[in-house]
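The structure's right below; bear with me while I get my questions together.
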């Protein structure tokens, strides 16, 4: 593993803007992107990435790889929270363990987008159906997290608050970001199949603007992540270690799964990044609602303050090296 | 009465059931409670600041709602205080 | 009238995003586009449509059709509220009747934009001066509505609140959206005539981005419309029927006027859509201020919850069939 | 004191005329009153949420403004309540 | 307690030092004070509206903070009033 | 000096939209661009202008002109506040004089952007390093202003509020807009030198969109400026005269400095505009924090209500004539 790809990743505009945001907090600059502007960009990115993914899927058709890959993605988002839960239970109660584990089983769309930009700058191809994997990995992790709470700690909870399966499903499947991503994917698919002129008309909005909007959003993410970082001190070194070790561990499993699926290197990187990334939006929102016993500072400051920056700045090029090392090995 | 935006629907339902004459909601409040962390944490992409709800109503209505609201607040977090006020 | 054009309309990205927004409310997803982001898009759409309209008008010059068409448009926005008022008085008091009638006499810019997109996807030409008609039809309907209140119900109103003609004119002519549309039209016209290089520099913003921004805004409109729909239950079946019947009735009158004006099919459709659409922004804002006796839920839930979705999804292709049937008939 | 943003100008004029020492305005409040509907209705593209106005002032000033404010509120809708408060 | 957003950090520090059980902050308030101008002046690109802070706490805590807060407010502008309130 | 260039400037879309915004206030239209949308555009403009400037600097390299020009720019932003302070002390106390003087020593990024647009429409070349001058002129003026307060009025201030140099430096150098502009410049520079493909991918966002976003932002600036204008009445005729005289005076000094630096006419105009423009954002924010004794209505209503519109509408073409007259004269 050379230093070069990391440096190259750091010198790309999105990562630079991320760093600028983080440094502004360090230097106590009053740079601020007030609410709800970040929400505008996050909605836009989800819509655009879904729409483009839908078009790609329609174009390439459902190849042999699609179904196995999507199934493996869902499987990973079910297994990772279980592993995480077991590790976290050494130090934390059921509620906190389940909430943090769910976050690591789920994904971060912005990390995924950054990985796509990284691949584009390296001129490595990848397929649109990986956006489908992105969309499908958010909900199962939430479900596993809530089931863990339901079964591991039913006696501690006030009676009136028993979780119903329907509530769990609703919270996980109809979460705003999952919904927007999936439905934009469908819109993209339908547009490509029945109304191809619509693609060209959307292109300036969903295509050309994307990179710049990504930079702007990462500027804000840098600010937000750096603001959350100091709160990690209260979380203790166990959690800090977990926030770095867990993505690496997940990436390691992920790369072998990718190899087993015979994914090419572009798709393999995206698959690994999905495994390694952690949710700081959908899962925290769902957990805050359904598991108020868990401390939100734990699952937010780890995922957002540490895992996210680590993945964006160092993780992606590291995973690329991993992919380049493991995937080309002679078949299992 | 101050609590998380995500509990807003439940509280409003309680208010409606108690037949309050009206209420006012101010979203996007942030703050810190005795144990939990600063809630700005959740605001960063628009999910989950606190809401500040004001209700002007008769004492009896308050008594009717008290238990339900207390229940919600103790579980999800939030505070509710009563002040005397006379109509202008 | 075949089903095909309706399906084709429904499968265009803007309509699909509208439906996505509506469905998210149905499924109680927490997808939300927080204020003031929708305002950003509505301001943008008005600015862009005005600017482009102004350029078109300058390019084509004032043809013979311009003046008659604009006059007919104003006439329609004066007559429709009167008809609507007479119908509504069967069930409602003067205040509510006048407010609802004014909304139906006025127009919806987003419906107009959707009709333009529909025409573009069908490769049917239309002229820039129709944006002028759009801009001119908002104010007269407000004026008629307020005059109806003034003369039909002066004795009921508290003395201090007598409406002055100047207040009526101010509220109707200087309404934010009317003002922005008209002034952007003038800017477009002036730019085209004295500074043609400015057109090319504006094109990425007002032109290329337009379709995507329209989709984003319609996503929000879908959410908002679906939230208003259930309130219609309180309004009663008379008002529900009115919200569907009135646009069809107005379209029917509109298509004959369009034929009388010898408009070609593109302009004819836009003219019909202007007649058939109802205002859910400018008129409600003006009515809330000047006729607080009217129930805002009546005029908002009908126009926004029912008439607007009806026009966007079914109305436009229906009106197109109407235009294609009536316009080519042998001259009157 | 809570009422629609669109009446804000009128109310502020009343306050200024009464020479209040100061006031604070919080916009974007939503709510429901006894008869009229939820005012979120009007907020959707930025027109017409409610405004929450706070004025700290002497009792006499309140008496001076009372009639004007009542007039505006009864016509356009809105509520105003008085609470006792002492400066810190 | 109402003052400029730009002083918010200082005030919060005072509150935290006094160990208040919690507080709530509502930003984007505008207003006018006795001498200074309408603060909407500063809001136009997002810098410097007022913040409205609510603290529910015991009388003794208020006494502890009084001097520090008065100091900040008299220098930067702002008002603070106390009202009685009982928990629901 | 002919009238033609002024008219030509007024008929450009950005200036037209500025006037539209101002007129809407005059006519009491309820057109409004609610917070924080203007902030979105101001952040965007700073980011885009910095990024493009960084790319230009990297492309052209550090020519002989760069260092002298930047040094002269800093010098001007140190000297102008001193002159302004001396003038203002005739009528105002130390606090107000220092605050207003600092605003006039500093710059307005939007005025600078308008000057660039003006040059582009006139097809006159200019260099990217002028953005560096823009970034460097904001802080020194703030420092001078605060030092003036520190040394001219130490006895009047409450003891606990003594300004520390570190606080002054922090407030002036890490101000949000200065920070974003400078760091975007660095990102642009790094991208151009190590990742040229990133430039093309950013171009639709930072390049093509720029003109339209500028128009939209100027629409808001027109509203805001016109709202501030009436408050000038309280400020008295001395301050009104100052708000017009000072930019002309500064432009006059600036054009001779530009000539001394042998700047070509494009760069010379930008240099003059930097001298003539006044800050209504960064400086007011800093002064509000550190010199609360100064009346914010003074330094905001002059810079924003009068100097800014004057520069945008009349100033820029006047300065261009000045540049065209003075620069080509035989060498000093």
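In this document, chain identifiers A, B, C, D, E and F correspond to the written order of the chains, with residue numbering beginning at 1 in each.
Rule of thumb we're sticking to: a contact is a pair of C-beta atoms (placed from the backbone, for glycine too) under 8 Å apart; a residue touches a chain by one contact, two chains touch by 3 or more.
Everything quoted here is computed from the prediction, not taken from an experiment.
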Interface with more contacting C-beta pairs, comparing A-F to D-E: A-F
From chain E, the most remote chain by mean C-alpha position: C
Most widely separated chain from chain D, with each centre as the mean of CA atoms: A
Equivalent interface positions on chain B and chain E, same or different at half: different
Inter-centroid spacing, chain F versus chain E (mean Cα positions, whole Å): 33
Where chain C and chain E are represented by their mean Cα positions, the distance between them in whole Å: 45
Centroid spacing, where centroids are CA-atom means, of chain C and chain F in whole angstrom: 41
Residue numbers of chain A (touch at least two other chains): 32, 34-36, 39-40, 204, 208-209, 285
Residues within chain E bordering two or more other chains: 26, 28, 46, 83-84
Chain A contact footprint on chain F (complex, rising order): 35-36, 39-40, 43-44, 47, 51, 170, 174-176, 179-180, 183-184, 186-187, 190-191, 194-195, 197-198, 201-202, 204-206, 208-209, 285
Touching residues on chain C, where the partner in the complex is chain A: 8, 11-13, 16-17, 20, 23-24, 27-37, 40, 120-121, 204, 208-209, 211-213, 215-216, 219
Chain D residues touching chain B - in the complex, by the definition given at the top: 1-2, 26, 28-34, 50, 52, 62, 66, 69-70, 79-84
Complex interface listing, chain D residues touching chain E: 21-28, 54, 56, 83-88
Touching residues (chain side chain A, partner chain B) in the complex: 35-36, 38-39, 42, 158, 160-161, 224, 228, 231, 281, 284-285, 288-289, 292, 295-297, 300
